[in-house]
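Before anything else, here's the structure in question.
Labels A, B and C are assigned to the chains in the order they are written; within every chain, residues are numbered from 1.
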Amino acid sequence: MPEQQSLPLGFVRGEPVIEKPEDLYIPPDALEVILETFSGPMDLLLYLIRRQKLDIVELPVLTITRQYVEYVEMMKELKLELAADYLVMAAMLAEIKSRLLLPKPPQEDEEEDDPRAELVRRLQEYEAIRRGAEFIEQQPQIGRDSWLSEIKTDAKDYVTVPPPEVTLEDLTLAFSRVLNTIKLQAHHQIKREQLSTRARMSQVLELLQHNHYVSFSRLFKRSEGRAGAVVSFLAILELVKESMIELSQMEPMSDIHIRLKRQHDEFESA
Amino acid sequence: MMNSNQLKQLLEAALFAHPQPLSAEQLRQLLLNGSETSLTAVKKALDELQQDYQERGVQLVQVASGYRFQTRAELGQRLAGLWQEKPPRYSQALLETLALIVYRQPITRGEIEQVRGVSVSSNIMKTLQERGWIKVVGVKEVPGRPQLYATTNEFLDDFNLKTLDELPVIDSPDEKRTAETATNERDFLND
Amino acid sequence: MMNSNQLKQLLEAALFAHPQPLSAEQLRQLLLNGSETSLTAVKKALDELQQDYQERGVQLVQVASGYRFQTRAELGQRLAGLWQEKPPRYSQALLETLALIVYRQPITRGEIEQVRGVSVSSNIMKTLQERGWIKVVGVKEVPGRPQLYATTNEFLDDFNLKTLDELPVIDSPDEKRTAETATNERDFLND
């Protein structure tokens, strides 16, 4: 019968500082704190092995299992939900122990399968991760070791919001959408016109903002050639049709004048 | 006990990391409580730090509530680039309104509303005018004498167009395509 | 054109004013767009600044996402007095989980649980994600298609790292996996 293992009473950086004598009463609260310092069954297992000052590879299954089960028994009493994962490990240890006890069938293979091998491998991997956790902990951290700048700057006052960019594609897409809407409203009849005609209509109207009368001939520029003349002519016709301008001629063959159409003017009332 | 260089380092770091200005007294209390460092020593170190930063991109200045670091005033405009945001995007309503003015000018607000089936917000018209893309070219002689909108030369410039004719031709599906349009489209594509 | 002293002032002010790290390329684009200052000139100025601040209370460091100023790590404990809140201390369970994601990424929650022998609390995963240290990078094509976790650049930044390689290796050299990994890495390089 191996001697009863004593429990650590407290930890400093993961290492036990006080060993509990067998007969010392531990208040349940204190024990909970102790058990909480283990981050899981692998942590507990590693602790037990290290306390024996043994290499993981030499895993003394019997002793370790006994000690392990002792801890788990106490956990079950104190923190039931904590014990579930620990029980899985206890079962694994028990399985390894029983396999070690069973007579081995004659092996064809030279290499003998040590039932401890899998657990040893897992313990080594866990130990490596523990090292990794330590390295990460030691790394200088923002908010713990260093802080970032909180200095004042007036630079944000100079930030300007640039106007949105619109591409030709945005524009044509928008127009297609409008046309689709029109198509849905069947009663709308929109006729396509040459854009140059629409633009010329705008120009004529603008010209009439500054001049009461404009001579018809002023709207035709030789430099624009025949195509330009056609555009101007179509624009004038369209403006007349839409009642935006009116034409007047004092006598046959004389110059035609264009002016903005007034709603109630003497021409209409006459 | 801290030497004067360590003291300077500590004060420098504190003023760098603390969002509000800190007075010499506050610095001494928060950082050096229990040490024998005197207020005079703190003030001397702050003076030296101010000297150190005289010609640098940031400066240690003293304001009513204490000392703080701030970026050099001359650099403000250049530094603004750090926070420059991407341009926002225009709404669909604005783009459709602009498209109608482009393709159907001169046009009144009422006509735009009629085609789009919804009212056009004054904001949209204001934005487009402020951007310099549209202008009033006259009024339509119908009741209410509504203003007529058209595009500007600035619009052409901003969209890299010489004339409106360079805009892609868009036909509503039920409109008859004339031979002329087809030719224009070919020309446009060949450009 | 800017002289080298002006350039240093500008970069210094920018990095003081902008708490998030900025790369040399970002600095050039945001601050010197349109100027003829080359990336080499920016890098040289940054090198000089790093030298200038070597012995000061704040230092210019290079982390994964770029350059930033931060307070000297040795001052950490003394500076902690500036804040009411104590710096966070992370549990062993959280650090082990983080270490598994750091050293064995990409990794599933199930794989983390396998190594630690205990189920991973959702709180831990939530904390790590909220800190921006880990993220989901995909799913593992096994039954249940569990999510695969990896570390972020923010993790590297917060732990003062340029790359994960700067962390010490954790596998002891006599382990088989070292040889395996080495082979894999060679194969990868030969690809």
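The rule is simple: a residue touches a chain if its C-beta (ideal position, glycine included) is under 8 Å from a C-beta of that chain, and two chains touch if they have at least 3 such contacts.
Note that this is a predicted model, so its numbers are computed, not measured.
Q: Just by CA atoms, which chain is the most central one?
A: A
Q: Going by the contact definition up top, give me the pair of chains with the most C-beta pairs touching.
A: So the chains sharing the most C-beta contacts are A-B.
Q: Which chain lies the greatest distance away from subunit C when centres are computed from Cα atoms alone?
A: B
Q: Cα centroid separation between subunit A and subunit B, in whole Å?
A: Their C-alpha centroids are separated by 25 Å.
Q: Whole-Å distance, subunit B centre to subunit C centre, using C-alpha means?
A: Between these chains, centre-to-centre, one finds 32 Å.
Q: Which integer distance in Å separates the CA centroid of subunit A from that of subunit C?
A: Roughly 18 Å separates the two chain centres.
Q: Subunit A: which residues touch two or more other chains?
A: In subunit A, 147-151, 153, 155 touch at least two other chains.
Q: Among all residues of subunit B, which ones touch two or more of the remaining chains?
A: 13, 16-18, 58, 69, 71, 75, 78-79, 82, 84
Q: Report the residues of subunit B in contact with subunit C in the complex, numbered from low to high.
A: Residue list for subunit B touching subunit C: 5, 8-14, 16-18, 30-31, 33, 55-58, 69, 71-72, 75, 78-79, 81-82, 84.
Q: Which bits of subunit C are touching subunit A when the two form their complex?
A: 13, 15-19, 58, 68-73, 76, 79, 87-88, 90-93, 95-96, 98-100, 102-104, 115-119, 157-161, 167-168, 170-172, 175
Q: Would you mind writing out the residues of subunit A in touch with subunit B in their complex?
A: 147-166, 168, 170-183, 185, 188, 190-192, 194-196, 198-199, 201-203, 205-206, 208-209, 242-244, 260-263
Q: In the complex formed with subunit C, which residues of subunit A make contact?
A: For this pair, the touching residues of subunit A are 14, 37, 39-43, 45, 85, 88-89, 122, 124-126, 128-137, 139-151, 153, 155.
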